[in-house]
């Protein structure tokens, strides 16, 4: 809260009451009496003004509204850290000149398939393997993932290919097993505001890939990054994966403008997941190219050897040969914007 | 999935491939060849068709789309149970003719305040006390609740007034302490799709008040109820608390049409939380009345002795005297629609 | 624009440049230098600050953002006129103690049906007949309304019943014929920001019923009312008819909180159209009751003698006997909130 | 309507009633009796089934829902015309290998400025000049455009540079003067469903640039193109300009996935307007690049000699030198995806 707008009917006494309250918090009010409204500019370190203080000021007699001008996040902001954050995972650098590609199936289904896909995406140029062992499903009757077994298969795939593993954590109680097998912990869209889970991964030393919530604003998303960072883990990767809109021709609406917006607001690297963003195979390639042109630091792409037999998200998964072809096409776009892939 | 729409370009062979796949699942396809499209009606117990089967069919060559006509939830549906579910908590009946009112502060702040509010809302006619001990806050720097201490204060307030306690659970690891103190477990809007948490409360024998997610559809919300019920706990209360829209004059947009929609789709009781729905004190009373007129079984209302000193949500909390006045006004509306309060 | 927030990097010279610009517009800046940002409170008659001035200030070097605290509408605001606006149409008063009901078919289909419905809704207690002669249809191949012929049938229905006529205008070129037949000119949701049409009805002396746009905020809606009022026609009725949300169980989401919000922001009467808001017959009655409980001054309800033969919106139209039953039930709710119907 | 889903409670008689109704429309029903629901596949030329027929079927006793599988638009669909539509305006080809750039100020402000900008954007490589003479403004008190005078200045700019003119039409009554001066008629986002205006430009022989409505789905947008085409004018250009979402960091959310979606659904060329899409100057360049990478056929970009003095949209306009630089950078991206610019 940096600005307090008074009601036209606010009395002198109410004004005094408010300025006193501010003073009790070590702040000072500069009063601007306009023809229609009196506005208070709050001076002092308002960055410490917590939400509850703002709420209580807003509930005081005479106050019409409060406006927050300053950003509510600190550690995640460009002001806090000018240089882009560069993260290392098993030797792979995220946030540098080279664009990272994380590829693999939606769900880990069995060992053979996992190792097979890993080899194929590696030979096509991917830097990470992705796959889900714990799956957030809308229906309790759907396949919920293989759990620890799935993590083991991913670790085996890593052993065979050298590619570090990105996988999703859904429950703080799985943290220990997660630390054992994975390299980058993914927080899914539906858990972007699962604050207890955020605090938990904030205590980990593994990088965290934080997906944007289905209807989250960029500010809320950065606040969730701040949750993680507030616990000491500064290796957060922002992952745009589409937001909910009225459009039904795509599964979600991939908000690529989030890429340059994040680049100006935060020092954290930005990855785009076109597979979940669009939901249909034939739309993945154009949006992957567009993501790079918009300035993304990485891509997360679903690849499945036989999409029509996938246990989840088959219709948005690329076949290995389609992925290979895409990787080649991406090179030209990456070079066009001064990046490598 | 009950209907499969083929692409105009689908071949006979692709059609055969699809019908074989259905047969392998114990289903049968009835083929309707139209002038522009061929459509398959799927016959057999499609209620068992899980999401993944639907996904894989959608990924088959020749398939343009699949349509799900049947409801994906079972236990929560009116078809499963015609009579309205009536829930009992310490002798108070939810889902009967009497409309229940759950009232209290947003956060439990201290013992004296908690007991004081409980007494006041009781004397005004409330049936439950509400209050938050674990608080989901957008900022890691905001007040996060008193934790177990807060639960203890609520239990004391119950002791003094006899009112059962409704409070929010955020983390499956807090389940044990929760069971000790509270009567109805609340799942907050941000956790509506925290599936692990839903499974956890599904194993409890306490009723669960399930708030609607910020941008959830009613179908998704009922799927979350289904998650809880699938574990054996059928005492779920649906709580509408506003959805996110473009409107900024209110904190959220209270979707009162969800009340009659739920009444036709499910047997579960429906409660409305106008305080979070609108976010401003002066809008709470008209929307509480409207909720009852729309057919709600209960209301959840924030009451705070001194809203301007509240640690959270002060601007939407009623003062005890305002609450008392509202309770009286609600009586007339309840009678007008054949209910009691 | 009432507050200007400078970038952290803003120079003294840039600040001078901005204050000079303000002075050239007869305004004055009060500078608040905070620890992180400098904020300017703009003093003077900022109500005259047009959008373009705000835009150009926002484009000046050193400016991060501008905040508008004051309302951009004047004539429509409570501040401009404290007492509620009361509108008269052929002797019927809108905005008084009595709640007005406007009822009739979606489209005027033929003379006999129009007269028949008018008689039935009148005997049930309606105050106005509604019906569409010009129909905004999503498809060019759908029934577009009977045009002037439809207006004539409505006029005949008025002759037989005495009920004044509400009907929609879509094109400024139909204004003349409209003035001849109708009593209240309706501006449909899709035309809420058809600014030329708004200017046109602003020159009429007939009251205007202004429907809310599908994704309009209340502020934008009031700005559209301001467009009409700016031309001299102050008889504007605000009509909430549902906004677009992610929910698919209803045609739109009826935003009943718009009723008390409008009541606090404007002196104009507020009418609710539950038929379009929900889109299904069985949801109309509970939402009509809720609208009255929320404080609406009127209702617009679709009634059709044979909904299954309606040329449009059949599934949301009440049958005459259903309407009659509803009118009775509404009485109890109206009395419960101190109104008549 | 191609599929009719019956209620579980539907009787044989109701089923007969429905099939008879279909037969009366020259259609035939194929009945699929499932274990839970009976589903009717409608056979025959359902493409003629208008909205009103669908509505009335949905209102029949025994019907739960109807599903439309086929596209409601014909002339705009890929099925109607396989080859991409190529449009010519004064010798400039839209929809070919070369990406077109339409550049100029938001509003035409005066002659000198208009000619100056036109020269500058031409020398930077633009193919069209854009500018608004009729401006849709949220406030009646904002600058509404110069009207015909503005059109004259644009025509002069065309004379000096040879660049054809794109400008917005707001009112059918301005059609005549529009035909006199402009080359491509723009329909703005707020008028995407101003159906009378669509019919009017459908009778023109000038190409129409149709902007997407603020909360329109792609299907609705294509239906608006169908409105224009149904009158004989097949030269429609689809222009994505951002949709309304919850995000506030950008003015709108530019939906670039609309580009490949449109490419698969329609033969019409697709242009992207990143300036309105993002609303801030520093975000225009990355999104312009992304639009090309996604497959856009053209770009519409706001350029103003002195954005801080612009009468509208200054904060999103590029300076001529910024535009020049961008045009160069776009070349590399265009080549990377096999296009020219």
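Quick notes on this structure:
Letters A, B, C and D mark the chains as written, and numbering starts fresh at 1 in each.
Keep this in mind: a residue touches a chain if its C-beta (ideal position, glycine included) is under 8 Å from a C-beta of that chain, and two chains touch if they have at least 3 such contacts.
Note that the structure is predicted; figures quoted are calculated from it, not measured.
Chains touching both subunit A and subunit B: C, D. Comparing the centres of all chains, each the average of its CA atoms, the largest separation from subunit D belongs to B. Judged by contacting C-beta pairs, the busier of the interfaces B-D and A-D is A-D. Centroids of subunit A and subunit D (each the mean of its C-alpha atoms) stand 31 Å apart.
Note: centroid distance subunit B to subunit D, computed from Cα atoms, is 39 Å.
In subunit A, the residues touching two or more other chains are 215, 244, 246.
Residue ranges on subunit C touching subunit B, taken from their complex, read 215-219, 243, 245-250, 253-261, 264-265, 277-278, 282-283, 286-287, 289-295, 329, 332-333, 335-337.
Interface residues of subunit B facing subunit D in the complex, by the touch rule stated above, are 2-3, 5, 8, 30, 32-37, 39, 41-47, 65, 67, 69-70, 79, 244, 246.
On the subunit D side of its complex with subunit C, the touching residues are 48, 50-52, 55-61, 72, 136-143, 170-173, 190-191, 193-196, 198-199, 214-215, 220, 223, 226-227, 230, 244, 281, 307-315, 317.
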